[in-house]
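Note sheet for the following structure.
In order of appearance the chains are A, B, C and D, and numbering begins at 1 in each one.
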């Protein structure tokens, strides 16, 4: 990396999962829009053709006049080549295929267990975690060997477990996990201000929050805009909207299966007094199974959706493939506008060009007071040159802490099970998940079936 | 207190709940058998006639030739008189009557929630806790005022909450909670040795253990007899007895509703690798509701019993009343033999006459590594003159910790709800209990019904 | 406080020590230059005429065309009136008079103990602390009663002890201590960059640092400008300037007794590897007495000065009084330019108008990892609406920690001695100070003499 | 190890420093007197002939009729052979020879720094530590490789550093450090009781204490005999003996250079309120240099002695050699009577034959509340089968903590310097020792001279 005329040049980014759509496209867009950074991105993906598509798209951006900087994209076919000389490593992979995802989400439905996402906690989240752990152990070992000083940005779910396993294997790693759920909650607060007070043109950054918890189960313990305490505003607002709920224009633009009316979030505020800072589909999965996910009718009543892998994700993927071809063929033009993600801003800060505070997933050094020290937690942190320092977020009330810390130790059990390839230990975590409201015997059957479905992703396990 | 010729004289004991049967009789017996202690016991109980009965029985002991020391028992009719000049305060009360206990245990059965005991956790334990907190706040305030230097021995359930609320109200209090469940587990290990190796005449004290957790959900992380690691022995034993289970002669003497075959304990060992150190009836209540308490058939399959308040406890109480009359009338003679409890031994150590290590419930100073600092936990401690110092017990594996710490924070929520008289907060704890496998709406109905049933014990609450 | 058209209006500031010169003038200037804040300042000072002078000067600013906001200054004659309705309370007092300060600094010289400042640690710092504690207990009690929600900004030395005693008396207080020593070190780094690289027009804010320690004994553990690690630069620079030292233009403008060539700072870097972030005169007082303060010759060799109270401070005060009169008479005009202090910027952030990170003295919540939890430490913190949240600063190496934590516990002893009015306890702290290199008997004589000199400021003590 | 008929047989002990006199003879005596233990001891010592002498003496014991058990002693000539199959490893070595010890103790005298012992802290202690660290790193590595499950008992000074470096190199090691200084203090309390009350025939075990601190700077925070608080008794006693002091009969039997009248201990009690639990000669070395060690006259006034290496230790060694020859020749007969040490009792407990509480040096797990977690501290611990669990000792007052924790971090610096072979880092610790009351320049000269004197024990250092 060199600093020349206000620009950081020759930045080397390794992108693991470089064939990804959502995250890779967002990153390439944001890089193209950031005039002070320049360099190359090496795309690595077992699905090489997807990586090649992305390289074409990325290099296409560099030729456009509306791109503020020119990045060079190339495809590498092994991990070591990607990591060589990397200053930053981005990881956004799918641990498995739609086949495994289908098992994650839909097998539990046979036992009356419904997961809107199934990628974080619950039976689906656990199975995905076991697959991811196996893969991430390899990443951590390669990073330790090839680019121990690089900054690692994780986007893969389950976020907490993916980030934590990296540290478990290579404790000196400089890894952090990024997620936009908190941003969406800031946007919700912004829209509530706009709807309530006569204020316009706010941005997410105007909403100052203190946030703590674990990814997808994060809580805002204070929020303000200028000198306005937003908790009062929020309270009044949700009382008014307690029946029909409310969604932001941004949320309404999402595919229908991702939409919600924030009724779970509102209900949690009325019960617990803090603002849950993730989407309803995620939040519901962390709460006892008979709360918001009792059955599809209950889900409908709370106005969010179960996302079918077979009916939605697979079809969506097909239609996206067609779109992708068109993009490469130049038949469709991608718009260069900010993605709303902070990855590039974080890279810029870590390069020393700016500094700012944002929420991030890193090991607990005390920023979340009662959480265990080695757990990966989500709070604000200060990003600056080669440094991420957590901001002290304080503590949660016991009513929330009981749930959060239960999950933290469950995640620890999952990680240990993944490292030890220990089926029995994995089952203990499975059984202890709040969605597991069925009998132990049924739980065992479900566990065995789900594990069997993903066994090709668990080399060395006795299944 | 004076030390004369190897005897501590003029010891002043206040007994709150002095009309109790089980605990008071055990204490009076053990005091009569301890030759190095002497003094008086002031019995305080709203049920004055029960206290008077006990005074007669206790003073009767002092006249017997097989009593090794002479204690003077008297009845006092208000708390302040009892506490005046007390060196030790014993608290063993029933927070409510059979009426409330019936609600605690049987109301949840309407929703398919079965509790074998219902005095510690679960919906019943929570309701009992709320009643106890109200009463114990009064005790703590009186102790602070009248006998702040006295040692307080708590026997009342829910043990953890009763002990913790005393410290919350009066942080300098010298209180601790005693429970025999761990002793029974030591006895089980003793019997297993006797059954397995050719060794006889062991006592509980021969079994050295390291124990940690919270009352009724305590775990033995190492156990030995001489140089024998008992974990290997235990493992082999339970494999052999995994079908029919095993019970000690002492357990077989219990009333049938209290008996078990330790199958839950054995199952927990096979799953978690540590020895759960409480009776199956208690242990089952801490685990997810669909594990051992799914329905009466499941309970039967695990070979323990649900204890009916109406069918058992109330009838037992009546028959005991008759027995009691006979004892006072001299028609029945109580045998003076050690109760197996450690209260008197602890008093002796706190007086400086001996010192020893035993398990006890006190606030965490780090003895249970990952537990929060102000939580009341159960581990070994060293008892000596005017001192109880916890022994470092280390930590539990994450699989168990997830469950234990979830309960600890839930107890904290219950305590806060009790202090604040906050119905909504109490409901959050209720909802977060592992036995609560029903829908939120049903949970709310059940909660309201149960709370209404006990409202006369919750003065100042809006119910 | 009201937010109208981008301005916070009706801010109420109580200024305790409102007759002060240095700090009050800086504050009034900075307030006049901050267009987004407006309100009134109540000046309270036992030296009423000084407060009146300042009110005149402050109100004079409000009439000037170059003032960007109009503040109203008034004098109040008792503390309660000052605190009434206060949003912010600023405390900058002199605990005692020149008479006591003379004793603090010069009495130890009879025993060969030289203190360049004598207001923080050492025998002088301790005596000043004892006086301040007595006074600050009164402040804390009044704040608790009258304005418990106000933010308290302390400028008085000894900073750490003054801030900590406020929290000891009123744990919920929202107090913090501000000091510019770290700023000066940032400026030094700025000048080193300008001198070394071809970069100009930097500001202090361009220098990003991580700082931790206790006030006047704070350490920078990393420093950067853009992507430049300043430790390498600093190392090379001080090797070049190890003989003659170096001072910034700003430092050279100071009165001669305050100047230094930063040779102590440079020497500490070469020994300990971190950048000490206070002036040499302060740093020298924290180190073992025979290091930099062995005798006046040693001080001269290290190119800093002992500040005589009689020869410098008292004379300076007289000349300043004359200047003051001229200012009030309009014969001298004060320039309105930023003072370089951050008090007003912090007020602005706490009002919600901005947010930023700066170093501050507050109780340790873990931001300084190894320091005890209730100690007041200096690290970065994030200032935002009604919130100061420490940024995790990590830890110091054991070589420095040994010294810093020794001082922290010594300060705790001083505070306890001050609260208990315990002469013997105060002596233990006195004896344990690193400057105390004389025999115990001599130390006792010195202690008694110094304590006797300040006894009128220690009501209730047995001296 | 086998347990047969109440006896542990085939115990394997490795004795590193097996040619030692004091500790080896005590151990062999205590082993001969313990009927429940039996096995072999492998003596390893670079001074092979000394080890051979001890083997003869030890095997001689086994032939005696008054020996209650028969141990087999043999000499091994390399460390690996000694450690092979060891159940216990005892380490009592001299890190260097009288030549180095002479430098440790007497070189600082040229600068007016007097150390009565010079083996723990102070300039002599530091130099000894550097030598020991180099040697102990080798021990730790060999233990890790050859007998990782063995229990390691350290008797070598500096105790804290020797024990800590073992854990630093091999964190899973089961090592602890034993020292009799606390026992002597218990004996002092016993004698005070006998002298004050009409009680006779007490033993050290009758004195119950809570102890915390670091070796040779340990503090008793409570002490009792039966129900008697010994602090009141101690206070009255030392007031009466404040001029002439007091020594126990046991102390009076010591060689004159080791005797004291406990005046330092008494003075520390009057100042700090706790009972310092080490001999005056050790205690004085931890306190600021001008307190008890200002000059030989001051030492004489406090009635303890400086122990000359040349005038005492070397001569003593010669006379002991003659005595040793006589013992081996059978001209002198050693008496088999308990040594007063607890090593054998600890071995017995770790074998599972008993359990008890004693003070011990192990890493802090929270037993000494404010001390850092990895520091080796001295508190009570519970010894039982294969287990040493610390008893929670609470905390020290800030006045003492300031001194103790300063030493702890200084020890950490010494250890790091030893591991890194870093001369400059070692000097920082040297300079920060409380005995270092000379100028930095003089300190540097002294340091260089002392380091040069021991350089053959510091392979790989740049000296």
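The criterion applied here is as follows: a residue touches a chain if its C-beta (ideal position, glycine included) is under 8 Å from a C-beta of that chain, and two chains touch if they have at least 3 such contacts.
Computed from a prediction, not measured in an experiment: that's the story for all the values here.
Peer 1: Report the chain whose mean Cα position is at the greatest distance from that of chain C.
Peer 2: B
Peer 1: Based only on mean CA positions, could you tell me how far chain B sits from chain D in angstrom?
Peer 2: About 44 Å, centre to centre.
Peer 1: How many angstrom lie between the centres of chain A and chain D, each centre taken as the mean Cα position?
Peer 2: The answer is 55 Å.
Peer 1: Which parts of chain C, given as residue numbers and ranges, touch two or more other chains?
Peer 2: In chain C, nothing touches at least two other chains.
Peer 1: Assign the assembly's chain-to-chain touch graph to one of these shapes: line, ring, star, complete, other.
Peer 2: Topology of the interface graph: a ring, with each chain touching two neighbours.
Peer 1: Every touching chain pair, please?
Peer 2: Touching chain pairs, listed by label, come out as A-B, A-C, B-D, C-D.
Peer 1: Which stretch or stretches of chain C touch chain D in the complex?
Peer 2: Touch residues, chain C against chain D: 271-272, 288-291, 294, 298, 370, 372, 397-399, 401-403, 405-410, 412-413, 416, 424-425, 428-429, 431-432, 436-440, 443.
Peer 1: Considering the complex alone, what residue numbers of chain D touch chain B?
Peer 2: 1, 3, 8, 208, 210, 222, 224-229, 351-353, 355, 357, 365-367, 369, 380, 382, 384-387, 389-394
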